[in-house]
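First chain A sits with chain B, and in the next complex the same chain sits with chain C.
This part shows the complex of A and B:
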């Protein structure tokens, strides 16, 4: 019985309801995690816990959750728990449960009654109607607990009773596909736990507006959690597969840090996979240094090309051009350019830039092509951030008799800088991992034996073009290109050291680190400009 | 520069004109205001349009130097528009169009080839909402002079030892003292101006305006976003500034106008100047019945 509810304002806050709902929520969360761990086979579904197989444990958990959720609903309906339910759970809830029940009816009747519409249609319709009505007709405390408790109980009961077990197979006639129970059951259970969590969340806050709020919160939190898990999984997978290669021959003190001009040398971290060249026969551990250097030069050149042009164009379009048809067309065009597939940019570079600039694949053309790709994003984000600089600044500056260009230079652009840098960060993340255009305009030998020596190859002359750089006009390797060629080659030139897969995973890990490093630089510079703007 | 301006006289598009009767009032009430000293700004037959809408209707008035002129009137009566036409800030609104003339020290600022940079240096403006730049307090003050080349604090000049950092500091101190803000911020001149309170920000904006050494300061409801204490400080400041500068203040607070101004212009709906006279006269014995109604709160 409730021991709260001494005033109207506190109505709906019941200790008993919470005491039941909280464990149900916890159980749902743990079961949800466990189902995914099982789906990915980190726990074998035949493993036993306390004498029960994992799947049976899931079933028991579902039954417990069903009992808890239904219990709260029924107690609340008959007034033993003080809650504030609405008259009905609402049509959207009804539609969800109706669809669920109809789907179950369809799946089952397909299996046992046959695959004609006449045989499964009525069953699905009736089941759907039952789901819809049980959710919408009763008061909210019943309508949002009992239907989900029923689903949980049916699924849990079937699992505990052994109808569904690891060896059970759902052979769906309507697709011809086969779903093994070991995969299907964890997925079904994970879906069911979401339902249970939703019901328990609503029940915990005593239904009504607050309950719906809580229900939505638990659903959204789960979705966010799943998304983060997918990301973490991806990164963990790359690290797990690439770490062995990455750390080949690595040591904490084996390397040397040479201080320039002093002749001093200190012991330093040694990671040969990162610091060695790829193709030479004389290195003990082939590495990806040339590709790292190539990627950095590509990104550097592209940023150097795209940022001034993009910001300049954004200033013109936002501050000077008359807002009208012309700016609209430019806006549509830049958005379109940003969504243009990268291979198209590559083809343009191959057909137009390569014959005119280097006559063959080269770093410089790669930089230009990636710069073209980066340009629209820099333009779009700079425009947005320039637009969002308050007009008050422009007015204040104009009222002081400061010209437009000076205002743009000393007020507008500094205030727009953080937004622009965000755009550059996003764009660099994309172009650093770009492979397709590099295949066409950039890539050279897949296993280079030296890094591109861009800095050392500048030569100056008194005749146009005054500065030449042979290294920029030659092909090189970049990390994504390296990865692609290693994997498609099917074999690494020195199979006694790495298989091509091992080398590929190592390259992927280094690529990930390089992109994250560039990202960190971007975030730091954005922070710097933001500080400068706000906390000077 | 004056592409927005049209030379032709009053068209047929004055849809906001209420009746012939009000035209009469316009003719009568403000024509004979006698003031001591010279006219700093002299407005004649000024019309301002936004697109087809006429926001200011045939305004003629002289603004005497070294005094406070208050512009009062209900919302939407065009007093801010009028103020913005005195330093051509309306040029920044593409749909705005101005007819008539505004003479500043005898020169028509709408007369073609006006140097807007020079005009706005000499006719400064303070806005309704405090709008300091996201820079340090010091940089906010020295921004104008720096951009005009009066102060050189660039890296190059620092390297060759010819920068104006000392005169910059002197300027900052003078302006902040004039704006009665020095004591509050002298220890944190390098802090971001956005960290100041609203009233301090507004006084900083006034100081920033003083830094470019204007003759006239236009203020567009400078205290409407501030609390009573900050408002009182701004009002004191305005009275002090009037000893050296010509101040024009838009306000919709009639008590404020009565407290601080030497003469008051009353704008009523439709952008017409209904009455313009000594402040005491306006508030105690206005000529026009409509002004009397407005001031005693019967309408508006």
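This part shows the complex of A and C:
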């Protein structure tokens, strides 16, 4: 560690190790990207680059990386490069390499020696031990470069030599599926590049504590980067596939915005896919209007049910109850409700609410069941925000002679409102996309021809229960339910306009817009209120 | 043992009677009347609703009347009573769920005995009056998809949590964290639709799985969905570790990564494992993606870990797929599936809560 202090501080300072490690890192990154592009079939694996197939290029890249990584390791061991290695790479590294070697040994002997433990067991054990020892026994600069270089070289060599190519197939003993080289090789190579990036990252910082930090950073950053890419891909898939359906017949000024009670009408954005009914023969573009209306009613009812209950319970738990056995029980029950699988809520609604309220699937039962699911989230978030109201507020109010309830009503609840509202919005985003319970207690015809008309259906009578609303007691459709029934129904009723999948993608896009819109509002309001709290 | 229980019971009774006396002392007669009336009408409403009476609306209206009059005369007391009532309602919903699950699954246990949970010989599932119902293949399916999902979500989730709380520069964190939360917001049916149209097709054409849809493909999608839960909860746990512990380590000259690896992670280990348990619970209860993607064929893959087999049914998918059309003993079997699911998930959830609670106590928490 003699020169640990001066590595980073000199301007323009480079070492040979750094000069080799940086290109290796870059190569690893590019190869990693390329393997995934190949896996997603954006590049076909049979395409040729400079006269070599894509897979061969991968092999060459692996060999280059292996040479670079091993080179730095060896040069460092014999003192040609200025590094600060530890005496050993450490047991965790050894375990990783041991497991990798053991897995390779197992896979190979499983295939060629037979599938009894006696035949593959010893091979895997010996290979594992070799991997463990080669990584841990030598000094760190060898231990963390040569074993991974060896793996890269073996894989790259097999690919370049043509043993592994696109037509090679791994037919596993243990399953009916097969693993063709065209798919398996990119996956293996992408794993190998991670290993190479780790070794090169360590080498770049000259091994030792700094090197380990760099190595860990490269691995973890790649993982997080891939995670976000998956998220972006998911959203991109839906937008790409759904946009055409969504925009059928859409125009910026084709629609009308009618101002109520005045008879005025303005040109307005027109999106028939959102404003038309699904199952009628008389509309030009079938749309998801009934599902949108159904979702709105569901969310409205659930909020109406869950928010008073949740906020009330939160107030009782934080302001009135003594912290003790009772609050603990409520807490466990709340968390229990929160983690209860959604389909179980559906079963409960089916057994308890359906026979007592509507005798069949209905909007009202759907609202209640989603309300049950929303309740714990409202309770937890509003409890948190009531707790975070500073005690000074309460004390100041009490010092003015204001009673406890008045304090709660005019000081605590207003101060806790922002957090509660944010929690409710995030919760609504969650239940708006919930499907499973709706299958059991809510869903009706797969392609409804009219939106549920809840407002116009209230009727009064002298019989109990005096007020009834037929629309609330009938099944309907909601966006997630619409998507599910589109998937399961198989054929869209008017295939000349949309195929089943096109309609599905369009519905998914509308659903995504609704849910992500709610999330965006929730997250933005949280940021806004947090800033306000901090800077006031 | 008996003595201990007696002591506990005595303590409980004394506690209750002490509270009752304290309550009586600070509540005047009129408020007491309103509390009693509100409590009685609520109870009556519930009992009549439970019995399925069409007259349920009468006690409900009476309750509303009591609240309206009480609000005029004794606002503070009535408000407190109402908040207490909402708390009771919250707890009783969970109680009702457990009660109804157990009650509805009685019929199948009477019909099949415990075989409904253990039977492994064919026939496994013949939905008809007096048929055979065995939940074992579905439990197997749930175990397989959950294993695949955990294998994906746990390492990635922990890595993500470490990145967000320990490594990322503030600007990157501002992007990554809401991004991950957004991922939690995408509805499960959307994941399922993508899995069905893209992932299932991919495995079917490239890996030639025996059917479209396999435990592996569904497991990948479920893993992606459980990922945000693990990242968020694990990140919370890691940021609970007091700054002073990290500063101490950094002041000794260790690098950020050494601090993370040897100080922060060991201190947050229980919280991180709680996050993983919670994620496993989520993966188990995940319904829609699996329902859409799996083939709904019931049976045991051979060997047991063959995740590409032509079988595909889990506890959640069988309920979602058959629940809407089932009746009688068939429905009861689905309820039994719900019982297994509920208690497994509850086990994971309670364990993870207990671990978190212990960790907060150990580190002094931030309250």
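Note that the second predicted complex is superposed on the first by the 401 of 536 C-alpha atoms of A that agree within 3 Å, B and C clash if a C-alpha of one lies under 4 Å from a C-alpha of the other, contacts with A are read in each partner's own complex, and residues count from 1 in each chain.
Following the convention adopted for this analysis, a contact is a pair of C-beta atoms (placed from the backbone, for glycine too) under 8 Å apart; a residue touches a chain by one contact, two chains touch by 3 or more.
Quick caveat: nothing in here was measured; it's all calculated off a predicted structure.
K.L.:
Give one of first, second, both or neither to describe whether A:491 is in contact with chain B, with chain C, with both, or with none.
P.N.:
The answer is neither, since A:491 touches no partner chain.
K.L.:
Report the partner of chain A that touches more of its residues: chain B or chain C.
P.N.:
Touching more residues of chain A than the other partner does is C.
K.L.:
Pick one for A:415: touches chain B only (first), chain C only (second), both, or neither.
P.N.:
first
K.L.:
Quick one: classify A:117 as touching chain B (first), chain C (second), both or neither.
P.N.:
After superposing on A, A:117 lies clear of both chain B and chain C.
K.L.:
Could you say whether A:398 touches chain B, chain C, both of them, or neither, answering first, second, both or neither?
P.N.:
Only chain B; A:398 stays clear of chain C.
K.L.:
Classify the contacts of A:512 with the two partner chains as first (chain B alone), second (chain C alone), both, or neither.
P.N.:
A:512 sits against chain C, while chain B stays out of touch.
K.L.:
Where on chain A do the contacts with chain B and the contacts with chain C coincide?
P.N.:
Overlap of chain B and chain C footprints on chain A: residues 403, 406.
K.L.:
Which positions of chain A touch chain C when the two form their complex?
P.N.:
For chain A paired with chain C, touching residues are 174-180, 182-183, 209-210, 212-213, 216-217, 219-221, 223-224, 227-228, 230-231, 234-235, 237-238, 308-313, 315-317, 319-321, 329-330, 332-348, 350-352, 355-356, 372, 375-376, 379, 403-406, 408-409, 426, 429-430, 432-436, 439-440, 443, 464-466, 480, 483-484, 487, 501, 504-505, 508, 511-512, 515-516, 518-519, 523.
K.L.:
Considering only the defined contacts, which chain B positions touch chain A in the complex?
P.N.:
Against chain A, the touching part of chain B is residues 87, 89, 92, 116-122, 124-125, 127, 129, 131-136, 143-144, 147-148, 190-192, 194-195, 205, 208-209, 212.
K.L.:
Name, in rising order, each residue of chain C that touches chain A in their complex.
P.N.:
Those in contact with chain A are residues 49-50, 52, 54-58, 75-76, 79-80, 82-87, 89-91, 93-97, 100-101, 103-104, 155-156, 159-160, 162-164, 167-168, 176, 178-183, 185-194, 196-198, 203, 206-210, 214, 224, 227, 254-258, 261, 278, 281-282, 284-288, 291-292, 303, 305-310, 316, 319-320, 323-324, 334-335, 338, 341-342, 345-346, 348-350, 353.
K.L.:
Touching chain B in the complex: which residues of chain A?
P.N.:
Residue positions touching the partner: 390, 392-403, 406, 410-411, 414-415, 533-536.
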